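Same chain, two partners: subunit A is paired with subunit B first, then with subunit C.
This part shows the complex of A and B:
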């Protein structure tokens, strides 16, 4: 399809960010050198090396946990909720003030389109801190008591670096805990800028500690004996390893893991809106979304019509420079992830599904994958069962609501689901029968600080966001045990 | 020769504007030692009715904003108040004859109270609303909604007392007509200046100064006022009369609260008293 409307490039200036050649660890309120081997973080859209980042050794993690414990014992757990709230409000305000800088840096380090980092990630990050700031002095109304756990060890993924940081740090601090957080090794930069924001807010040293590194650093945090709470967002495989590692300890755990969400379109759905929802469901953030609507279940009678409209819409997606304000789909976050997406897509073809990719010119440097849809997918296919975590949609069909429920629930995951129909009673009956922690009806990928998020089954346990999100950071039983 | 200072005219705060009383009246406000502080506008029945019109006009927009946005605005009032704290401390000392330390503690508490209520905007629903597991195939959800236009008789505390009665009403989406403390009205108007410059839409809070005994009955009997908070009414007979007048359209009434410790953390009652509970049913089925 030829482009009817040509767009001139509209790049966001990156002059607003000041990326240093190298970064240390943020421990006890200061940046310090790491004991491990420094690693490089690259811009996935260009493969340009952005900075060298310290790797936290076991000793560094221990220093961070000790700083967090000191801050917990001497300052943070003794401070009134109203005073803790003021620090969180300050952080929320500084995030709003430095919003553009955070958005540009996030797009450079992660590869996501600037319109998403600017209009989705950063505003929700600020709102999340604002929301939990308000809880800090209202915990007695939460229904979960007001006793913090102590030191929280938090490990977050690369798909929403700053947003996942906010989901972890804001409720932890509001409840009176201190934290040691590890950002993903491919996206550490906004977390390190957040450390600077903590300094600007005069947050007491040690309340927030940011340690960078890869799997070994994460393992050191999770298994540290003085960590009272483990919060992890990432793959189901690592989540299971964490559940095993904390077995037999008193650590409280929340896990937000993978998904293979069904996005279910009934024949009475407003199809143009449904197509927008399908596109948003799987191509938002390059499909690097744990709750992505990666399985489209479409009612047989409208399947051809939906596919025609979907392909037409996919052909208009603009793939390219994440900093261009018109870009819809940015870069795949890493070479490793790109290889995984390619591999599963090839398996999809080999297993007999039919592959179609949107016609688009991909840049020559960087990591790119064209928006892709597979039709003729059966439930046995690996692309229907495994999380691809990329811009790849698998399409299955169904005839009755019960068949849709059966297929939707036929997965070890249970993070989210979508339902598209004009009939309210059907939305609610589908919602009742879907085994998923979030059900979006006639919308998809909506997030709000007040709304709890988290999965059933192997998508993890615990909820983040809302009043329910407080439970993960408060002592709710006599030994503060799991779940 | 020393400079002659420029003194402020204290007027009413209605619909985001600062009009004089349409009656052209004013009354003398003295400081704690009986010296003249200023003349305050003496609001009339017409001013009260204008204020109700302004509050009603503002209600749709204000209650229709997201809770998050209302929280941001009320938090902004706290920020602006913090920036003007010296002025408020000076006014409190002049009008009440209190020590600098006491004035500071009242301003601190007023700012903190605004912050406390700001956080409630998007949480009150989560604390007092809930899903109801009815015995049938129905989705059933109860959520709080603001009652509408609320008239308030403010207590004597010129700043902390006023903030403590107004903030819980506006944070949930109500709009307010408040009669300031008759003895200490000036700080209420200065607070109006803070609200007028804090992104709070005009008409959400309207401040009248004057005689409670004269104005309050018109508000209690006003058919477009949905609730009345009698916290600052000190005459028991007047309070009873106002409550009786409020029955004409079944206003939600909060009775006087003598002896309230304004420095203590409030509970939820100042919010929940002026909230309606809405329950939505919807069938569940294929």
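This part shows the complex of A and C:
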């Protein structure tokens, strides 16, 4: 891009958000102090401390689960679906009304660019509540019956704090469950603002409880004996620990874990759009996306041309202040994650892959990593196998469709895949052969509440979104099994 | 005139067809999403002031009506030279664009002001005339003093796959232009698909067009962001392959400063700074200029004044 037409800073105003110096836990409709040691949440773009947040102790988690149980037995499970829907619609509308506030807060706490929190995260969050509000009085026709499970314990990650909250809470509430949700320790603020929204919507106390904390708090939720359902989105490592913890109990579990998705570009692909899809696949949300297209599989005959176009495009990415409306790539969410990305990138170089980073000036404070691509990567390299969860793309080549399928499937993960070709029949045959929960054709990272999402193999089990997403929150065994 | 690198390509109708149909396809959804994404850039303060002045310098101030008179053209030409009579720092537009019979009048008014005279030729806007008439139309405009010729392609020939015929037509008009610069109008509203726009772009560039232009302004839709995106990608790729730059001119339907800035952002991010110049990017427009002037006055004075404070033509 040019130096002639330099875009002046266009920061979104922070004035709309009111960050309190400290936050408590949201239990039984009230904010209360936590029994653990309060922790700080920082703005990853500046390292500025934003607020102190309470840590929920085992006793706090117990109080939250008891509040959720009370609300479940006395109010929420007895309410008609149509009445529950009214609350969900109300929440959805408030999310829209306070959309700018939520977007700004999300960008400050998470580091993602405002254009994404404003145009992607928040609109899909509202859409998710609207969508499941519509199901609340139609569960009989879902194929999964209409009997809720009870209390859902939900643990969500830091990459899409509010969106993952919506994916968990909207279907749970629509089906008649109550929830205890723990946001990630680095990104608790929008969940706490959501708690305020629940108050604003007059949601009965105890239906939604938000407890903040780190791994110990999460473990307390997952292993609480009165939790009927565990829903987790996060790393495969923690997912496995959760699966072990609930084994032998009658808790129902859904896990949405890591990925190492193949984004496959054939030689007849619409190349300019494929390059956009590659960029969106790996640099959207700084690559902090479980379904990120982190492995580019490009057909050898167009590999050079695709790489030339990709690097030229990467050079135009604007990395910097997440609140600037013209920022394309924001800050890495935490120092810990930055260290992990750096470590794996160094391993990539040491293993002999060729590293190229977009020329861009990174701010001196905060956690930053330039958009990076590795070429000459083979299936044996760690950067082709392990989830980096950052703006780092590994490029591999293939010669035939069969080889593309073999390489794409040769991973312990199976969350998503992308196929780029002008040939419709090839799209269909690839979609049949790829073992991934989502296969995008000539696009990538598209999310919609009507579409189920979830993984194969180590990417987890269960589906979120769409009609399929209801199954995780309904007692299917008492209603003639699954549809 | 035509590029030697493509001698083999334009040897026959079938070789040309193979080449054009071998260009990478365009995914409609992806292309439109990319254009819309660039449209969300927020251009403020210094960047906005820069963009407004650049946009004014890129305007081909146009009147192409049956009711055009010499008086109307003189008024338009005066406005092109001094768009804002109240502010001498306001730059002139790139050109005025008129029918061939108005070229002499425009030329006389513009004199050596540096504002070019562009003439639509080749049986504009439909292009439905015999070849010798199109060539005569072109020569007539050039002899009357036109610096630039805006020709239309034969969309009928293009849509029925007679690519070589379109190629030769462009090459011949280019020949007839002499020293005048040639802009090739595709009428993208009639070509309809992005694949066609990409093929027409390469066809016109190989045939020696100096500029590729979206529309006549007489057919809807005229210029759109995605169509212009495809054309910008084409000129970028053409330079990559041949080292030669070709200009792009979206025309018709661009009415506001906000729209114009979206186009400039796209030029900036797709082609880079080399194209941010009236020699390589133009807006075919009439009402756009006044909105640019209003925004410019707002930037310099801090006040937003009404349309009565800006001249009609």
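Definition applied: the second predicted complex is superposed on the first by the 473 of 483 C-alpha atoms of A that agree within 3 Å, B and C clash if a C-alpha of one lies under 4 Å from a C-alpha of the other, contacts with A are read in each partner's own complex, and residues count from 1 in each chain.
Criterion: a contact is a pair of C-beta atoms (placed from the backbone, for glycine too) under 8 Å apart; a residue touches a chain by one contact, two chains touch by 3 or more.
None of these values were measured; they are calculated from a predicted model.
Trainee: Which partner does A:350 reach: the first (subunit B), the second (subunit C), both, or neither?
Mentor: After superposing on A, A:350 lies clear of both subunit B and subunit C.
Trainee: State whether A:432 touches subunit B only (first), subunit C only (second), both chains, or neither.
Mentor: In the superposition, A:432 contacts subunit B only.
Trainee: Taking the superposition on A as described, I'd like to know which of subunit B and subunit C A:401 touches: first, second, both or neither.
Mentor: The answer is first: A:401 touches subunit B but not subunit C.
Trainee: Name the contact category of A:59: first (subunit B only), second (subunit C only), both, or neither.
Mentor: Neither subunit B nor subunit C is touched by A:59.
Trainee: Let me test your reading of the model: by the given contact rule, A:316 touches which partner, first (subunit B), second (subunit C), both or neither?
Mentor: Only subunit C is touched by A:316; subunit B is not.
Trainee: Based on the superposed arrangement, let me know which partner A:8 touches: subunit B (first), subunit C (second), both, or neither?
Mentor: Once the two structures are laid over each other on A, A:8 reaches subunit C alone.
Trainee: Let me test your reading of the model: by the given contact rule, A:272 touches which partner, first (subunit B), second (subunit C), both or neither?
Mentor: second
Trainee: Considering the complex alone, what residue numbers of subunit C touch subunit A?
Mentor: 24-27, 29-31, 33-34, 40-48, 50-51, 54, 233, 264-265, 268-269, 272-273, 276
Trainee: Inside the complex, what are the residues of subunit A that reach subunit C?
Mentor: By the definition above, subunit A touches subunit C via 1-10, 115, 119, 268-273, 276-277, 316, 325-326, 422, 442-443.
Trainee: Touching subunit A in the complex: which residues of subunit B?
Mentor: On the subunit B side, the touching residues are 67-68, 71-72, 75, 112, 115-116, 118-123, 126-127, 137, 139, 268, 282-286.
Trainee: What residues on subunit A touch subunit B, complex-wise?
Mentor: 82, 85-86, 89, 127, 130-131, 133-135, 137-138, 141-142, 401, 424-426, 428-429, 432, 449-450, 466-467
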